[in-house]
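There are two complexes below, and they share subunit A, which is joined by subunit B in the first and by subunit C in the second.
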Partner chain A sequence: METEVIKKILDAEGMDRVITRISHEILEKSKGTENLVIVGIERGGAILAERFRKKISLIENVIIPKGSIDITLYRDDIGEVGTQPLMKGTHLEFDISGKKVVLVDDVLFTGRTVRSALDALVDFGRPQWVRLAVLLDRGHRELPIRADYVGKNIPTALEEEVVVHFEEKDAMDEVYVARKK
Partner chain B sequence: MLEGKTDVVEELTPNKSNTQWTKKDLLGIKDLSAEEIELVLDTAASLRQVSERSIKKVPTLRGRTVVNFFIEPSTRTRASFELAEKRLSADTLNFSGGSSSLVKGETLKDTAKTVEALQVDLIVIRHPSSGAPHRLSEYVKPGIINAGDGINEHPTQALLDMYTLREKKGRLKGLKVCFIGDILHSRVARSNIWGLTKMGAKVMVAGPKMLIPKEIEKMGVEVSYDVKKAVKDADAINLLRIQLERQNEPFFPSLREYARYYGLNSDVMKNAKEDALIMHPGPTNRGIELSSEVAESSGSVILEQVTNGLAVRMAVLYLLSMYKPENK
Partner chain C sequence: MKRAMLVLEDGLVFEGESFGAEGEVFGEVVFNTSMVGYQEILTDPSYKRQIVVMTYPLIGNYGVNYDDVESSIPQVEGFVIKELSPVVSNYRSKQSLGEYLYDNAVPGIQGIDTRKLVTHLRDNGVKRGVISTIDLDADSLLQKVINSPEMTGRDLVKEVTTFESYQFDETLLPEFTWPLLELKKREVFNIVCIDSGIKRNILRKLNQHGFKVTVVSATDTYEDIMSKNPDGVFLSNGPGDPAACDYLVETVKQLIGKVPIFGICLGHQILALALGGQTYKLKFGHRGANHPVMDLETRKVEITAQNHGFCVDVDSLDSKDIEVTHINLNDKTCEGFRHKRHPLFSVQYHPESSPGPHDSDYLFERFHQLIKNNQASGQKV
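Coming up: the complex of A and B.
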C-alpha cells in the first residue's frame, strides 16, 4: 500500500525532548519513584516505556522495574480485523498490586487499546493507581479515555495514518502523518 | 493495537514470519505447512504464561461456544481441551459417547447438524472412525478440531510433542526422533511423522513387525525392529501405548514378551544418548512399554507434555477463532 507523507511531526531530537519533559512530569506528579512502575503496551508502547525508564533513572539515579503487556488476548475484535498480530507476551517483573502504574502507548486513537490494557493489567493485581502517558494523541476517541501525559496533540482526519518509527525496530526515530494514495 | 488496520500492520515484527492462519478446521498435521506449524507453536509459547498467573483466565473467547464431542473414551485430551477453553473464557458443552443420542441410533451427521443449530463456534471431536472430523467439516459451518480420529491423526498431540521437543532442544530441524511400539494403530505416530518430517527432523520407528505399517518408509521414516539399535543417536524417544482396544486379533504373543523385546528399560537406555528425552502421549502402561525407572528418569518429559498440551490447545482454539471466510 502506497502512502504519502503529509506532515512531519517529530524527529529524533524532538522525540527525545518530549520524553524528557514527560519523564519530569511523571516524577513530579508521582512525587518521586517509590512504588512507581512503567508499563508499556506492546509493541510501540513497550519501546517507549524503556525510554522513559532510562530517562527517569538518569534523572533520579534509581532503577524503575520493567514491564510490558500484550493486549492481543484482551481485544474486542478477535476474528474481525483482517490481519492477525503476532503475540509478544506479557512480561511484568514485579507484583502489580499496590504499584503506581504509568501505562505507556505511542499513539492514543480510539481508546480501545487502552481499555484492553487496563483489563489485562487488573488481571495481574490491584494497582494503587494507573495513569496514561502517550507520545501522540490523534483524537477520534470511541471510549471515555484520556491521557494524563501527552507528548503532542495532533489533529488528524480518520483516513489518515499516524506513523511512529523507533530506532529499536525501524532504525530511526520519527513521527509523521501519512495518507493512503 | 486496535487503532485501524494500518497500525496492526505496524505491530507485526518485520523479521518474524508473517504467517496468517487461513484454515477453518484443524483436521490433521498432514494439511499444515511448516510455517503454520511454527505459528501454532509460537502462539502456544505466548499463551503458556496465562496458566502461570494468579488469575488463570483471559477474556479472548468470551461469548463463543465450543462443543467437546467425544465419541471415544478420553480423559486427558478432553480435560486438556476443556481447561484450554475455560482459560480462554469460552462456554463449553460436552457430548460423550455413552450419553449422546448416537447410542439411540442418530447418525453423526444429524447429531452434528443439531449441534450446529445451537449456534456453536467450534467443535472438538474425537471419533473411533478415521476421517470422521473431515466428514463433519463438510456438513457443518463451525470450525472442527480433530482430537483423534481412529488410527488416522491426533494433531494436537503431535503439536504438543513438537512444542516440547523444540523447547527442550531449541530446534526441530535435524533432530532425530524415535517412536517405539504400536505404530500401526497409532494416530499419535502418524501425526508426529507428518509434522516432524515437515519441520526437518529425522524420524525412526521401531516395534514388532506386525505393528509397523507396510510401506511406512514412503512417509520418509526409517524402520528398525531392534529397539537397542533404534534408540542409538536419538534426541528423543517417544513411546506409544499398546492399544489393546484396537486389536481384534493378537499382533504379538503376550504382553510379557512385548515388554521383554520392545519395552524401554534402563538396560535399553544404555544404548541411548545421555540427554535423550523420554516422551509418552499417555496413559502409560508401566512395566510394558516403559519401566517405572525410565518413566521417572531425568530425561522424562511426560508431565511437561501435559502442561504444554494445554498451551498448544489454547493456541489452536485461538487461531481457529481468528478464521474468517474472506481471509482465504
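Coming up: the complex of A and C.
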C-alpha cells in the first residue's frame, strides 16, 4: 500500500538529542544507576533501550544490565491479527526483583503493547517500580496508561501512521508521520 | 579526535580521547599518586601488565627525554590521565609524551574523570581493565576483560628479567649525585644483583654507594650466583605475584645465611617467602612518591616512593628470627624487616626514588655497612 509522508518529526540529530535528554531525566528521577535497568520492548523499543543504556553508561561511567522483552505471547489480539510477528524472545540477564525498571518503547499509541509488556515483566519477578519511556506519544489511548518520559508528543489522526526508522535496522534514524494513499 | 574507551571488570566504563598508540590492551588498572615522574613510572618494569592511572590531573608538560628512563622501553600496558598537556617545555625534552607512547605502541586515554576512577579503585580495590580504540562497545569490552587473566598467581618476572648477566657501571646524572659526593673514595664491594625487573636508578645508586654490580637473571641458580664470589646479593624490584616465583624463592632460600642480602620491593617479598612467610594482595596497593614510612628503630618518618600491589604478611613470619623495621603509616602494613641472626634486611619501598624523595638513601649505606661488618666478623664464605 502506498503511503505519503505528511510531516517529518525527527532526524538523526534530533533523535540523539531526545535520547540524551531522556537519559538525564531517567538518572535524575531514579537518583543514579543503583538497581536501575532499562528494558526495551522488541523490536523498536529494544533498540531504543540499548541507546538509552549506552548513553547512561557514558554519563555515569557505569555499565548497566541489559534486557529486552518479547510480548508476542502476551498480546490481547493474539490469533486475531492476520500475520504473526516474528518471535524475538525475552532476554533478561538479571533478576528483575527489587530493580528499578524503565520500560522503553518507540511509539505509545493505544497502550495495549505496554500493558502486555507489564504482564510479561511481572512474570519474571517483582520490580521496585516500573516507569515508561517512549520516543513518541501519538495519543489515542485505549487503556489508562501514560508515559513518564516522552520524547515528543505528536497529535495524529487515527488513520495516520507514525513511522520510526532506526539505523540498526533501517540504515538511518528518522521519524515521520505518513498517511495511506 | 580519536575516541578511546576504558572498561573495568566490574562494569565501570569511561569514554575519552585516545593519545599515544591505538590498539586494545588489557591489564590490572592501578593508580599512582606521583605528581611528576611519568617517564620513570612508564618504564618501571614493576608496572608490567598494568594500566596506570595518574591521579595528578595534568601530565606531559615537560615531555620525554633520553635520561629518565628506568628500562629501555615503557613497561606499562596502557596509560590513563585526565589531561595531556598540549604544551611541552623543558630543556631536556626530546619529544612529547604522546609521540613517545605512539613510538612505543602504548595506548593512552585522556579526558576521563580520573578522580571518579581512582575513588572507585580505592573503594573497591584494583580491577582488571581494558583500554581500546578499536572496539568501542562497552558490553563486548566488558566480556573481554572478564576473560583476561588475573594478576594473582602470575609470574611476570620471567618476562622482564635479563637474559644474560652483565656488569653495570654508570655514573649518576648530576642532579642525583646529591647528597653523597663524599662517598666516592671508599671500599668497593662486589655484589650480585638478581634482576626481577630492576630499575636503572637502583643500579646507579648501588654504584654510587661503592658497589661493583653484576646483574644476573632471576632464573640463575644458587651455584651460578656463588660462582661469582659476591660480597653481597641484592634482590631487585619486579612485577607480578611473588608467590608464583618459586624458582627465585628456592635460590634465595639457599643464599640466606651464606651472604649478606638486601632486598627491595619484590625482593623483599621473595625474601619473606624464602624465610617461610606469606604474601597477600593489597586492596589497591601502594603506588606513588608520597608514602610515609616509619623506621621503628629511629622513629624517623621518611617519605618514600613505592610501587607494590602485594605485601608481606607479618604474622606469617617467625618473630623469634624476624624483626619488622619499617611500617607504612597509611595502613600500618609491613614495609621492611631484618633477620636477627643472618645478615639480611629488606624494604618494600624504593630507596632509589626515581621518581620520588631521597629520604631513604641511607638504606644503600646500611647495606654497605652490613657487608663491612659481615666481613669483619669473618662470616664470609
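Operating definition for what follows: the second predicted complex is superposed on the first by the 181 of 181 C-alpha atoms of A that agree within 3 Å, B and C clash if a C-alpha of one lies under 4 Å from a C-alpha of the other, contacts with A are read in each partner's own complex, and residues count from 1 in each chain.
Assume a residue touches a chain if its C-beta (ideal position, glycine included) is under 8 Å from a C-beta of that chain, and two chains touch if they have at least 3 such contacts.
Predicted model only: the values in this text are computed from it and were never measured.
With subunit A as the common reference for superposition, the partners subunit B and subunit C occupy compatible, non-clashing space.
Contact with neither subunit B nor subunit C is seen for A:Ser68 once the two complexes are overlaid on the shared chain.
Contacts of A:Thr156 after superposition: neither subunit B nor subunit C is touched. In the superposition on chain A, A:Ser23 makes contact with neither subunit B nor subunit C.
Counting residues of subunit A touched by each partner, subunit B versus subunit C, the larger count belongs to B. In the superposition on chain A, A:Arg112 makes contact with subunit B only, while subunit C stays out of contact range.
Of the two partner chains placed around the shared chain by superposition, subunit C is the only one that A:Lys54 touches, whereas subunit B remains out of contact. In this overlay, which is a superposition and not a single complex, subunit B and subunit C have their closest Cα atoms 23 Å apart.
Across the complex, subunit C is touched by residues 54, 57-58, 61-64, 66 of subunit A. Across the interface of their complex, subunit A is touched by residues 7, 11-15, 112-113, 116-117, 138-139, 142 of subunit C.
Against subunit B, the residues of subunit A that register as touching in their complex are 1, 41-44, 70, 72-90, 107, 109-110, 112-113, 116, 119-120, 123-125, 161, 163-164, 169, 180.
Every residue of subunit B that touches subunit A in the complex is listed here, in rising order: 1-14, 16, 20-21, 42-43, 45-47, 49-50, 53-55, 57-61, 88, 318-319, 321-324, 327.
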